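Please find the structures below.
Below, chain A partners chain B and then partners chain C, in two separate complexes.
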Partner chain A sequence: MHDLIRRYGTGLTTLFCLLVAFWLLVLIILPNFSMLFESFFPYLPVADQGGPKDVFTLGNYEKILANPIETAWFGVPVTIPIHVNTFVDTVFFSALVTFMTLILAYPLAYFLAKVASPRSIPTLLLLLFIPMWVSEALRAFAWYIILTFNGPLNAALKALGIIDQSIRWQNGIVTSYDAIVIVLTYCYVLFMLFPIYTAITSLDTNQIEAAEDLGSPWWRTHWRVVIPHAKPGIASGCVMVFMLSAGSLLVPTVVGSTKANWFPQTIYTWFNDALDWNTGAAYSMIFLLVCIIFVILMMRLFKVKLSDIAR
Partner chain B sequence: MKHMKSAFNRRRFLQGSAAGAGLLAAPAIISSKALASSGEVNFVGWAGYPVLTEKVFPAFEAATGIKVNFKELPDQDTMFAEGKVALETGGIDVMEPTIDRWGGWNSNGLLGAWDPAKLAMDNYLPGLADGSAGERSRDGDKLMYVPSNWGTEALVVNEAEAKLSSPPSLGDLFNPENPAVLRPHSTLAAMGRWLDAQGKLPRPWMDGYTDMAAMAELWDIALAEAIKAKGNVVQWWSGENEANAGFTANGATIGLCWDSTGFNLRNDGYKYIAPVEGAFAWHQGFVLMKNAKNVDQAHEFAKFVSTPEGSAMWATAFSSNPVGKGSAEFMSPDVAAYYNGTFDDAALAKLWWWPEQTAEFIAKRSEYADKYKAA
Partner chain C sequence: MSAGIDLENVCCDFGSFRAVDNASVSIRPGEFFSFLGPSGCGKTTILRMVSGFIEPTEGTIRIGGKDVKGTRPNQRPTALIFQNLALFPLMPIWENISFGLEVRGVDKATRRRRAEELLTLVDLPGAADKMVSQLSGGQKQRVAIARALAVEPQVMLLDEPLSALDLKLRQHMRAELRAIQKRTGVTFIYITHDQGEALAMSDRVGVMSQGRIQQIAAPRDIYDNPVNGFVASFVGENNIFEGEVGPVSDGMAGLSGPHGRFRARITPEAQGKQVRLYVRPEHTRLTGTAAAENSVEMEVTEVAFEGAFISVHGVAAGGKRLSAEVKNDGVTQVPEVGARVFATFDAARALLLPDANVRG
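Right after this comes the complex of A and B.
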């Protein structure tokens, strides 16, 4: 604070603080607080609001446990509430997306940070950035077109003689979430790449050479030297990609199969189809809370501290 | 705990924060509205119909001098959400829901009443603003809704490839040989009506719209049957674009879609067919917001869309049917020919108007649609 005042004077410093406070309080904390508050009251017509029916209730939260359906996880039949099922699917496939982006981004980040010649870095980064200039909506729609039944992917594979019947890629080959996983991975891979790239850049190349001089094979150098050093970058990349994927509404809506349900779509349905903002708010709160718990558990599991990420 | 007695009143809090937001925005509101409040109307309507801004609003402004501030929204659920916010913040005079939905908006306190003396009720075609539709436009003796155009939701089929029964039926949507593009909640209603027509339901499908216990009973049956037949669904649609792409990009040969989808695909080998059970029909119109500022202009606006020329323009913009008497000569011949190709007198007589759906019904309906999607 003293630094700020010394550098920018009292006026500007006050302005900074007020703007940050406005941002945090009015745009983040108050809306979430109001949503949390609303989630404990029933959805009522305006006429009944404030009336005898307008009482504190946990009913909105209980709705997620209603409507059991029969489904199967990895071939094991289970009976669980439909929205819990959607929820589990969303978390599972978001974790899968996170894993896929990590597999793709780590080698690339290492290449950029330690292998590529410094002169080519700006060009390479630019090439990576160009797709980011196109809006996510357009990129999702482009993938929709690629994966459709009469789309270019089927046409190309047929022309090459690899398949003779068109395939419904959008409806999935392995699971009904294939298309969503592919497109989310594509959309968010850079959110994984740049934190890891930054982390590896700060690693002294001498350490890698020392490991090699001492006879370490390449994989052990990565396992014992590079990855531990890049861990904060990997962790913040994972958190970002996971939260973005789990919270994505656009991609599942555009490319989702006829069987896929993404949890944000369920929330959207409560708000916009059922017009029940209170239950929508309750679902949003559950989603936020469980995702945060999931992330904290994962960080515990991989022994990453919050301060590592913020670094 | 009783809400009224709690120290911290939630509604008060919300009203307070809405007022605060209004205060922040006040300079903008005052500067733009204070001078011009005599000659404009704030209209929230459907997105995706460019003819409205290209032709209809300029024609209205030329005729009356009233400027239309148009906000486009993709569907009426979003409109409702917008209207709910506008209850606190203002800024909307007229919106355009369907006849089956304004009841829910009204019970949420969004709507004010039209003054028939400021409109021209004789302009409307028989059956659209009088008779049963007239009753459904009123809350007691207050006129809450005036029609703007009407249309249908029926079978869009690929003429060469779709396998149709004779005569074509809603059941063709569930034929495993027909890849289909559908929207979940309409499909469940179609299944219900199809089962109803075959006498396979324990009670009439219409009961579900008035009695929630009957709804659960009937929709459970329709859901179970629809899930059995789900294999042929290749894509869901919720708006015009997705419906169109379902046919062209994903190769559906049949769909339960709006007439505009069929119209847009009419030159690509697709046909719009009324099923033997009767096409779903909707009726769209204007409602006046309770806190509307430009009330007289709003009446002028609704009146313009009941004139022969105005109603024809409005219907043409939506590729649908006009509500005004004498509008036929102003309609595009393309649209007129398309409609006459689908609806003869018998098909018109069988039109199935979407019944009123309460907020409770819609919430339940969404749950069924969710289950159907997830299955």
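Right after this comes the complex of A and C.
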């Protein structure tokens, strides 16, 4: 603090502190507290607001346990409330998206950091960035067109003789979430790539060579030397991609099938269609809390510290 | 088990730049061999070719008589110690040391035991469970040596491993390295730009310049009988005189130039070439009167006390800088600054040498 004042003067330092305080307080903490507060009160007509019915309740939270349906997970039949089912699907497929981006991004990040010649790096990074100059909405619609029944993907696969019948991609082949997983993976792969790329760049190439010199095959060098070094980058990439995917509203809305429900869509329905902001707020709180717990559990499982991610 | 290494006409190009030019050398099993040269002379490239990280553009490398062309570093019986050591900072010391054994599928208990044996060998017992960051520079050095020894290499390759250490530790590790080499009998190839290191540790030294091996000989020979001006100048100090060489008889020849007429030894290889006369400061005496031959008058400009000897610098006619070492034996007279003396040397101690052996 004294250092800041000495360097920038009292005026600028006060401005910095006020801006940070405004951002934290007004843009993050207050809205969240307001949501938390709202979530404990019932949705009432204007006339009843402030009246005897406007009392503290957990009713909004209980709604998620209503409407049980019959479904099957990996062939095992289960009876589960419909919104909890959506919730579980969202977390599961977001984790799958995270895994897919990791599988795609790690080799690419390693290539960029250690294999590609330094002169070609700016060009390669530019090529990776260009698609990101188009808005996420347009990219989602582009994928809608690519995956559509009479679209270019089916045409190309048929022309190559890989399939003879067009596939309804949006309905899915493996699960009804195929299209969402594909497009989310595409949208967020760079959020995985860059933290890993940065982490691997800081690895001394001599360590890779030392491992090889000691007789290590390539996979063991990655397993014992490169991946442990890149772990903080991998962890922060995973947290980012997971949270972004789980929170995505646009992609599931554009490319999702009628059978694929994403939890943010459920929340959106409460806010926008039912105009029940109280229940929407309760659902948002549950979602936020469970996602944070999930991330913390995963970090425990892979022995990642919070300070590693913040680096 | 140790293996010899043969380089036969090895060349290595990086684009249009020739880093190593026609290098041939036979390193014997169990030998401590040093490549000595300034930075950029190609010595590290030779090391990386032997370890397998670079393929030679031309020529053959044999390890233990076997051509290793196309063999990856992880399949060669060599172990490289990197200049920055390249220890694995995320593994404890014992896992660092036994990494090569882990790769070979050795079980954990054996690995652990072997790591502790090696730590004892490099005089660092009890460090098995420490992390790399907890060790000092010299200790890391020992761990790097232990890690390389763990895979029982037939050849150890060392890329200026002592350059990051302070002077005292460096001198200690020199002796240590030499002792470990003798104990294990492994062939050591040592890369350095420090002539003291190369001369003190090696069985033989290869002096390199601009991608070429200039001379391969025992340390003593390198110093006393350098084959050309580069080797003479890189390894030690010299007084150098230019001139025209006269007829040769009995391995001696005359040289007449701007500083007078001299007589010195000449090797058969130097005959017929442009040569200069090289004589070491410790072989240069200072006398009050001119000797019968090989005497140059100079004015003393600086007298530096070095302990065992006194280094006297002076300027001869035409601004020629000369130096001589006077023994601090209490008998030999030390001239004062400004005195006019004669720098004199024996013909048998002076050499007529061509310049460095470069391409073109």
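FYI, the second predicted complex is superposed on the first by the 308 of 311 C-alpha atoms of A that agree within 3 Å, B and C clash if a C-alpha of one lies under 4 Å from a C-alpha of the other, contacts with A are read in each partner's own complex, and residues count from 1 in each chain.
By our rule, contacts are C-beta pairs under 8 Å (C-beta built on N, C-alpha and C of every residue); 3 or more make two chains touch, one makes a residue touch a chain.
This is a predicted model, so every value here is computed, not measured.
In this superposed model built on chain A, chain B and chain C occupy separate space and fit side by side. Of the two partner chains placed by superposition, A:R300 touches none, neither chain B nor chain C. When the two complexes are overlaid on their common chain A, residue A:D204 makes contact with chain C while staying clear of chain B.
Which of chain B and chain C touches more residues of chain A is settled by the count: it is B. Legend: residue contacts after superposition of the two complexes on their common chain; A:F56 is shown touching chain B, with no touch to chain C. Of the two partner chains, chain C is the only one that A:P228 touches; chain B does not reach it. In the overlay built on the shared chain, the residue A:F149 is in contact with chain B alone; chain C does not reach it.
Once the two complexes are laid over each other on the shared chain, residue contacts for A:K114 go to neither chain B nor chain C.
Closest contact between chain B and chain C, by C-alpha atoms in the overlaid model: 47 Å. When the two complexes are laid over each other on chain A, chain A has no residue in contact with both chain B and chain C.
Within the complex formed with chain A, the chain B residues making contact are 1-4, 9-11, 13-14, 17, 75, 77-78, 80-81, 87, 104, 107-110, 230, 233-236, 245, 248-251, 359, 362-363, 366-367, 369-371, 373-375.
Touching chain C in their complex are the following residues of chain A: 204, 206-207, 209-217, 220, 224-225, 228-229.
Of all the residues in chain A, the ones that touch chain B in their complex are 30, 34, 37-38, 41, 43, 45-47, 49-50, 52, 54-56, 67, 69, 82-83, 85-86, 144-145, 148-151, 166, 168, 170-171, 258-259, 261, 266, 269-276. Put simply, chain C touches chain A in their complex at residues 51-53, 72-75, 78-80, 82-84, 86-88, 90-91, 99-100, 102-104, 147-148, 150-151.
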